[in-house]
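In the two complexes below, chain A is the common chain; its partner is chain B in one and chain C in the other.
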Partner chain A sequence: MFAHGAMDFFYFIIFHGFAFTVVAGLLSTWVDRKVSARIQWRVGPPWYQPFADVIKLMGKESIIPEGANRVSFLIAPFLGFTAVILVSTIVWMANIFPGASFVGDLIVVIYLLYLPAIALIVAGSASRNPFGALGASREMNLMLAYEAALLFAVFTVVVKNGGIISLGGILGYQAVHGAMLLQGASCIIAFVVTLLCMPAKLGIVPFDIAEAETELIAGPYTEYSGVTLAIFKLTKAMLLFTLPIFMLTLFAKTVWTPWTILWYALILVFIILVKNVNPRFRIDQALRLFWLPVLGLSLLGIILAAVGL
Partner chain B sequence: MGNNNHRLSGIKKWGFKKSPWVFHLSTGSCNNCDIEILDAVTPRFDLERFGILLVGTPRHADILLVTGVVTVQALPRLLHVYEQAAKPCMVVAIGACACSCGIFDGGYHVVGPVDKIIPVDVYIPGCPPKPEAIISGVVKALAKL
Partner chain C sequence: MRTTIPIGPYHPLLEEPELFRVVVEGEKIVDIDWRTSWNHRSIEKLAESKTYDQVIFLVERVCGICSTSHPIAFCNAVEDLANIEIPERARYIRSIVAELERIHSHLLWFGLAGHYIGYHTVWMWAWRYRELVCNLFEQISGNRQSYAMMKIGGTRQDIKEEDYSRILKTMDELEPKVNMFIGAVLDDPVLLARLKGVGKLSKEDAIKWCTVGPVARSAGIDVDIRRDYPYAAYDRVDWKVIVQEDGDVLAMAVVRLLEILESIKIIRQCVEKMPQGPIAVEVPEIPPGEGIGVEEAPRGECFHYVRSDGTNCPARLKIRAPSYVNIPCFRSRFIGERVADIIIILASVDPCYCCTNRMMRIDDGTGERTLTEKDLLKLSWEKTERIKNKFKGCSRSKLLE
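Take a look at the complex of A and B:
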């Protein structure tokens, strides 16, 4: 994996996995805020706004609330952060050097993508705050709701391409046969399911149930301040960039062209539009939505893929 | 009075100036100032242009917007919220009551004004102050950094 040692470590983990993804993620956050502002007929924040937020939070006091579990409280933000760095490293490595990806890295990515949600649950439970605890419980329910559908959607791709479970292999398959999205009805259904699950995974409206600021103040983030909150903000921003890029790698990637950026922008704007025209779901509504129609659609996709459509 | 503990410099100061998150705390106001604060964060005034966001918890706050005379019941809550806020944190007293107790001065239930309890950085008079006055006050608070 790291043939040239330190140089590769710097190139992939520090540069692509961290620095590039942080900048791109924070800029995506700005696009989110700016487009939302324009939809509400406002001017919106300047482009450096998310950077200023993070820099300010870095300079503030980080409080550990009395009675909180110190270790879990401090580990939680870094757990999610590390997971996202690793995900973006693996995804970028597969995109830049398809040959360098290892068998099963698709499964590693799926597991690592659980961690930001788990970090949120740990954070909420460790902070000894009733809002944090409620947020953690809701996040747990939400995770149970969308993960099954998302997993089946991702595995539709695997069934469709004949059992390739490495990202490099999937990219190679797409280089030969064209984008996965054009392979048939099953892949289109799977892509729609991932688009529906993405706001839930990213924790934005209509599925920001865990941190619902009108009900739960800030949910699991309530007791976080300063550096720890900044790490959470960075995690969210990086996920907003990494998750769509991961989905594009699975579904729509043939070669790295400016069109890929356009695809990413389209997905981002879709998420933002959904965010701005929908109210928040109640947790039971989200559960019902994901377990009945979305999971059904996802199963339909995998069945269609199995019969070869 | 004023709190001089938060002299910032360099990039920290820039971050703080460009991203002040405000927390709204009523200590026994008549709800009038509170409505003006909410007015100030509506799309008409669009405070997000300056990075100002209304947050729900004092842990995230950089500026506390305190309204109302401090009543006997509100006193422990005010102290609690001020202690909970992550420092550096500025305090803006909004409205005649928060600045000087206004017409409630001398009342049996009044402990305030706010600067008797916690250090206040900027006073915004008015009953209630206009949203423009509140924005101007927050800008003055940032200029003191």
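Take a look at the complex of A and C:
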């Protein structure tokens, strides 16, 4: 029993949840950097650059600023990191063994996805730096802005498929009825909303408001260095991979076929394009954007799903 | 709750040391204070120990970007002092070099403005096209920056006939790109949202704070040294002063972009009309007296005052660089704006902090006192000691308070 459990632990959490996601996430950040560089007429880094960055950071000294809350300051990066590992574990487990997923894991994933943002808020507040504090308050505002729309978009899927709230269940439903994306207008709207929220959740331009380098140096990350900064970088890289995969699990049943890579690449290209053709939003503009048009769109989606479209 | 955000002296935004203390309530700015002179080089004092020809190279290094505006202003001042009439061809060459510098400076600013609001594609694209101008400079003068083209009584180097076609070709290449940038600024809704109505400078404030150059022109003040006090060949070609009414960051961007088009126009005409002849006249002994030289640098009016006592070194050189005049207008533009807009408003005057460094001596009423080299060294040591003591067992955040 114990051996079996250990195997599961290794297979899901260490291998899929962590190792695979880290590699895929760092490669995704490389694709992001390389494509952005080509768009901007630069050469761009070699493929191993993100790995080298993280490894180098691991060997650097971690400095805790004087006057900072040591415990929160050190726990914050690992809080987000653990949450992302758990999310990718649950998502992969549902994809590999749809039967192994438990009822309500969709809700768990949504809650766990809050944690990286909360970790950032904790980090910014704990580091006792005016830039960190401002970054934390901006992250909080941003979270309030996009989370409602994202939540309604995810629940459009639940309404549409008749109340299945486990990822395995949703995958099973899609295996029978076809991808959620093809189920009607409501799901297409929900998918568009998630696409719009994704750069905000990932903290990428135009929504890198919390860590805007020219305004706040690095926002909540300002005081971080060494291992703790590396953990933050890894969290971000893993999210760049896990979040689109989670969305694909919800909206397109094609996970685990070569189409997955294509789908994922499309989403990545979308994120990169948005990043490269937009300046950074101001926080109040982002709030207005998410609370009026995007939230309206996602409400429309859920209403359409309720009436069966 | 009030928080003070220090922007500088070391900040990823600005390459040069300066400190803006921005007092904010939440995201709203309630006060701003400016400290400068972290890197004083005492150029005016140095100039007194150098010959007139050497001073040109010295003032060329006042600012890396306006590296031909200061020499032209200085030459204008000395030529005013000694009543030297420069040859026609030198006038045209001066205009071409100054306008090329304006193009590269404005493109550099446009790219940086993109970077400041997180628009890295604009940054890289603008700098890519700036490269064309830099390469052109390399062909004309041998240097991409600090061209060393100016000389009292004319220019140091000629622009060769075979370079004309390259200049015209580069202008043809550049014009559609600049038009593309103008289109991109005026059409992009997100850019408009970030720039329009931000950091507004009213016409009254622009006059009150004595702003010059593109900053004044964006606030509806029709002022341009090139037209008002013509030097070089500006009164011999056809061009117009760009004036916008709004005074916000968008207007400042538009003024600069449209000025690039005017510069292209001026350069084309100068190349076509370029007369043959000598590029410099023989300079007589500089007589005792005073001279004033002005030049429209990319950032605004660049003013040089020279006093001569009849020796081969200036007795006094006074430089008033445009950034020093433009930066104080921040006080009227910042209050009430948001933290996210600090950067783009700071950037909107195209600040050049190396032009703003001043040495100040406050007389405490105990009588006249001149600081010698020894005194200055002592001051510097004392300051280092003070900073060391301050650092002892002190955190960074405390230091910034």
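One rule holds in what follows: the second predicted complex is superposed on the first by the 304 of 309 C-alpha atoms of A that agree within 3 Å, B and C clash if a C-alpha of one lies under 4 Å from a C-alpha of the other, contacts with A are read in each partner's own complex, and residues count from 1 in each chain.
Note that in this section contacts are C-beta pairs under 8 Å (C-beta built on N, C-alpha and C of every residue); 3 or more make two chains touch, one makes a residue touch a chain.
What you see is a predicted model, and the numbers here were worked out from it, not measured in a lab.
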Q: Once the structures are superposed on A, label A:R33 by its partner contacts, choosing first (chain B), second (chain C), both or neither.
A: first
(Q) Once chain A of both complexes is superposed, is A:T82 in touch with chain B (first), chain C (second), both, or neither? (A) neither
(Q) On the A-aligned overlay, A:R128 touches which partner chain: chain B = first, chain C = second, or both, or neither? (A) second
Q: With the two complexes superposed on chain A, say which partner A:T222 touches: chain B (first), chain C (second), both, or neither.
A: first
**Q.** Which superposed partner A:E66 touches (first chain B, second chain C, both, neither)
**A.** second
Q: Answer with first, second, both or neither: which of chain B and chain C does A:T260 touch in the superposed model?
A: neither
Q | First (chain B), second (chain C), both or neither touched by A:K56 | A | first
Q.
Between chain B and chain C, whom does A:W41 touch in the aligned arrangement: first, second, both, or neither?
A. both
Q: For chain A, give the residues common to its interface with chain B and its interface with chain C.
A: 40-42, 213, 217
Q: Could you pull out which chain C residues touch chain A in their complex?
A: 3-6, 11-13, 24, 26-27, 114-125, 128, 188, 190-191, 193-194, 338-343, 395-397
Q) What residues on chain A touch chain C, complex-wise? A) 36, 39-42, 65-67, 128-131, 133-134, 137-138, 205-206, 208-209, 212-215, 217, 276-285
Q. Any idea which chain A residues touch chain B in the complex?
A. 33, 37, 40-46, 48-49, 52-63, 213, 217-218, 221-226, 229
Q. In the complex of these two chains, what residues of chain B are touching chain A?
A. 8, 11-12, 14-16, 18-19, 43, 46, 48-49, 51, 55-57, 59-60, 62, 84, 86-88
